[in-house]
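Below: a set of structures, written as structure tokens.
Two complexes, one shared chain (subunit A), two partners (subunit B, subunit C).
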Partner chain A sequence: MGKVLEKKRLKEFLSSVSKGAELIAPVKSDTLRFEIIKDFDDICLEGRPLFPVKKFFSPARHDIFKLNLADKNKAFEEVKNKIKPRVIFGGRLCDFNGLLRLDKLFLAKEFQDEYYKEAREKTLLIGINCVPAPSKYCFCESMNLDKYYDLFFHDLGDKYYIEAGSPKGESLILKLEDYDFSIPAIKCKKHLEKKDLSGFYDSPAWKDGSKKCLNCGKCTAHCTTCLCFDVIDEVDADLKKGKRFKEWDSCQFTNFTQVAGGFVFRKDYVAKFKHRIYHKLQYFRERFGMDMCTGCGRCIESCPRLIDFTETVNKLK
Partner chain B sequence: MLSKSTPLKIVKKEKQADKTYLFRLEGSGKKKIKFDYKIGQFYQVSVPGIGEAPISVCSFSEDFLEFNIRGVGDVTDKLLELEVGDNIWIRGPYGTSYPLDKLKGNNIMIIGGGTGIAPLRGALKYLEMHRADFERVHIFFGCRSPEEVLFKKDMHHWDRIFDLNLTVDKAPANYKGKVGLVTKIVEESGLDNRNKVVLICGPPIMMKFVIKTLESMGFHYDQIFLSHERRMKCGVGMCGHCMISGIYVCKDGPVFRYDKILGMHE
Partner chain C sequence: MVKQKEKKLRVGVHSLTGCAGCQLSIYFIEDILLDLLDKIELIAAPMIKGANIDGPYDILFVEGSVSSQGDLENLKKWREEAKILVSLGACATHGCMQSMKHMMDEKQVEQTVYNKFPSEKNLQPITAVPLHNYIDVEFLIPGCPPSKDEIVQILKHVLQGRILRVYDKAVCHACSLKENYCLLDQGIECLGPLCNGGCQALCPSFNHPCTGCRGWLDDANIGSGKKLLEEKGFNIDMLVKRMTKYNALQFLEHEKKAKEK
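After this line comes the complex of A and B, so read on.
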């Protein structure tokens, strides 16, 4: 059993749970995106934000070392992370399940990403259910998502039904009134047929699916779980100081696999398209037992040519 | 995420070929460093302000680390400008190694092309130090031209203690050594696959044809270990650059037993 909160008390509830923390929620500007909230009235829960929450866990560009080029023995200085506690409100199941995928990469046993780790520890996740599915591109129903959140809201018209998914979440709604309700599952128009892709590598469907591709990398930039990155050095004009930073990269860019002599391991559109989809639906599953896709449909919606990989995969026979 | 690089001091720098130098590195402070790297592993080597490049271990010693570096771009060209006394910044070692200690009792075939000879040099040092544990050691090295032959001093030494076969792709008419591709000298050796393990390192195209040759000589894929090269940024399985199929070359490799990576798609 969960709890209930009248909508008119939402502001009050959010300001209490986000006391001393940044509140992050969807805001409508040029498009719907997650932003740090300055005014509660900016929060917009209609629609699935086009950009996922990953930037709060691994920013598009982020310094890792300060470089002291003048001091031969102390060239590298770690940049201290300045991550404030935060509450994400209005995330979708696809968003939070995306974090479970990214945990596999950035919180691996041997090597961990400190920024990601700290951000994960300092973030409270409050989700909202997607009934009805917020975008025609959504297909999360096919992706077996987990109920992963600290708190989860479901819109009941003039009130929200709230369920806790963690002890932390539970402690935040203790004082709210009990309410008997069972959250309905998300229904999507679009579906992805689950299949073992290993036999389909040479299918002509991949070529059809990727022939409109512009290699712009928008699909990976908008993807909930894509976080491949580059590491780049930059030197200040005085040549004394500089920095080494991490920046999102994309397997859809040609230089992603370029090595000495100019050789590129994955050059054509088909090879890059296949790599993206095989990574999501096969390689990741083989390694971690789950797909690296949460069915958010952002890659389709953001694509300038509306390339829809679900159509390609569904066609494979 | 990326652990902080530490400085090592260049104590020796030796020209090997055009734009190719061998560097010997030791701890830069007063305290001696005990190195703990394995043959086939690599370090991420930094020039602060320029960037990082993966470079293979080219030595086998607790007291020092050697890199053979070929200048092909921003980082590697800058590394070549460094001199004895300067610092080189490294993090690592990363990746898998040639499992030499598990191969004892075998005949070893070492096949290298170009700068791919560098990591195999470490393997040869290991074999020399553990000579009694191994049967015969056959070396097949291919370089582009006589001037491009790396580790000339070592070559003389290896020729004395191992079965060394060296070839160059092209040479002037008066060149006394063998001319032709490395696959040719491997084939000419007439060796069979009995009680043998093969270690390969070289450009992708060379490795492909060497494996074909070995196959025709009766070798099985599980007798072959090779080292792959891919673009790398993190070296720790996060950035995605080095991925082939579902495999991270930086973490699951760079050294693979060939039968384990058969049928991989770029």
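After this line comes the complex of A and C, so read on.
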């Protein structure tokens, strides 16, 4: 059983749970984005931002090392993170499930990402249920998402029904009034037929979008779980000081698979498209037992030509 | 013991047909140029120096497109004199506006432009093309104007003996990373998905559509781009004009290939 909160008490509730922390929520200016809130009235829960929350856990560009090539003993110095505690309010189930998947990669024992780890530990996740599905491109209903959150809100008109998903979440709503309700599942118009893709690698269906794809990389930049990055060294004009930084990259660009000698082993659309989809729906499941895709539909909605991989996958027989 | 003076990198910049704005971009790095001046020597920089020495150059930036017989002769000479020759700016890398004449009757254009104001110089116009149509170049810095950051990068890389990677990502990449509200979604005819980034999506970040000053992606899907713009209800004649503003040669090549198919 969960709790209930009058809508007029939302501000009060959020300010108490985000005391001493940054509050992050969807804000509508020209478009909807997850931003650090300055004014509670800026929060907008209608629709879901086209840009995912991954930037708060691994920024699009951030420094890893400071270089000082003049000092042979200390040429590299790790850049210490300064991550404040924060609360994300208004994330959707697909957003938080995305983090659950990224944990498999960035919190893996052998390759732990310090920034990601710290950011995860310092972030409280408060989600909101999708009624109705915020975009016609959503298909999370097909993706068996986990109930992954600290707290989860469901809109009941003049109040929110709140469910806790962690002991930490539970402790935050102890004082609220009990309420008997069960959160309905999210209903989506779009559907993805889940199947084992291993037998379909040579299917002609993968060619579907090849005439349309612009190689612009928007699909991966907007993806909830795409976090491939490039590492770049840059020196200052003195050629001594400098930095090593990380920047999001994409498997949809040619240089991504360029190896010594200039050879590129995934050059054409079909190879790149298949790689993206197999990674989301096959390779990741083989390794971690879950699909990497969370069904947020952002890759479809952000694509200038609206290339829809669910149509391709549904076609495979 | 007197420390032996390090040999400075001999850097030059020369112009072919263009507006000379790229050369200006080199001088715009003045804040960094001072730090670099103990490592490089600007031996030829016609816009800021009276006495300019001929090569050899360790690194020579050439701006402008090859548009006259004189351009071609100069370019060949500079190629001989330069260890590293960098095509600087949209004219040198893609042909830019001069190459728009490929979309029209070239002879007629030349007569209109060059005969209108008779000059003692016999310009002898030839078909306008980027530098690499005639010579090998080591690196291309596209853009109108070219990014001063990239000019600094190439100098630093040469000084360090490193090879600078070619930036092959579309404008949309940096634009998405900045979380800009997509201009195409706002009904503004942006060419971002077709065009080379590396500009930090400067124009779209200020709500100005990309017009492709850094050229089209090597794997630009121009056919799909045209469909996209048509679907969005934009005037396609106007867009072809925009698409050929900097990149008429790439556009014509695409049209030729599309016909062959």
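One rule holds for everything that comes next: the second predicted complex is superposed on the first by the 316 of 317 C-alpha atoms of A that agree within 3 Å, B and C clash if a C-alpha of one lies under 4 Å from a C-alpha of the other, contacts with A are read in each partner's own complex, and residues count from 1 in each chain.
The criterion applied here is as follows: contacts are C-beta pairs under 8 Å (C-beta built on N, C-alpha and C of every residue); 3 or more make two chains touch, one makes a residue touch a chain.
Given the structure is predicted, the values throughout are model-derived calculations rather than measurements.
Novice: Touching A:Lys194 in the superposition: subunit B (first), subunit C (second), both, neither?
Specialist: It touches nothing on subunit B or subunit C.
Novice: I'd like to know which partner A:Lys246 touches here: subunit B for first, subunit C for second, both or neither.
Specialist: So A:Lys246 only meets subunit B here.
Novice: Figure out whether A:Phe111 sits in contact with subunit B (first) or subunit C (second), or with both, or with neither.
Specialist: first
Novice: Is A:Cys213 contacted by the first partner subunit B, the second partner subunit C, both or neither?
Specialist: Second partner only.
Novice: If you stack the two complexes on chain A, which partner ends up touching A:Val235: first (subunit B), second (subunit C), both, or neither?
Specialist: both
Novice: Does the superposition put A:Lys7 against subunit B (first), subunit C (second), both, or neither?
Specialist: In the superposed model, A:Lys7 contacts neither subunit B nor subunit C.
Novice: Is subunit A touched at more residues by subunit B or by subunit C?
Specialist: Tallying touched residues of subunit A, the top partner is B.
Novice: Kindly classify A:Arg305 by the partners it touches after superposition: subunit B alone (first), subunit C alone (second), both, or neither?
Specialist: second
Novice: So which bits of subunit A does subunit B touch that subunit C touches too?
Specialist: 235, 239
Novice: Spell out the part of subunit B that touches subunit A in their complex, as residue ranges.
Specialist: Interface residues on subunit B, with respect to subunit A: 1-2, 4-5, 7, 28, 46, 48-52, 72-73, 76, 86-87, 89, 204, 229-231, 233-234, 236-241, 243-246, 251, 265-266.
Novice: Tell me, which parts of subunit A touch subunit B in their complex?
Specialist: 64-65, 67-69, 72-73, 75-76, 78, 105-106, 108, 110-116, 201, 228-233, 235, 239, 242, 244, 246, 249, 251, 256-261, 263, 265-266, 271, 274-275, 278-279, 282-284, 286-287
Novice: Mind pulling up the subunit A residues that touch subunit C in the complex?
Specialist: Residue positions touching the partner: 30-31, 33, 51, 55, 60-61, 211-218, 221-222, 234-239, 247-248, 250, 253-255, 267, 302, 304-305.
Novice: Residue numbers of subunit C touching subunit A in their complex, please.
Specialist: Touching subunit A from subunit C are residues 32, 35-36, 39, 152-153, 156, 159-160, 165-166, 168-173, 176-179, 181-182, 184-185, 192-194, 217-221, 223-225, 227-228.
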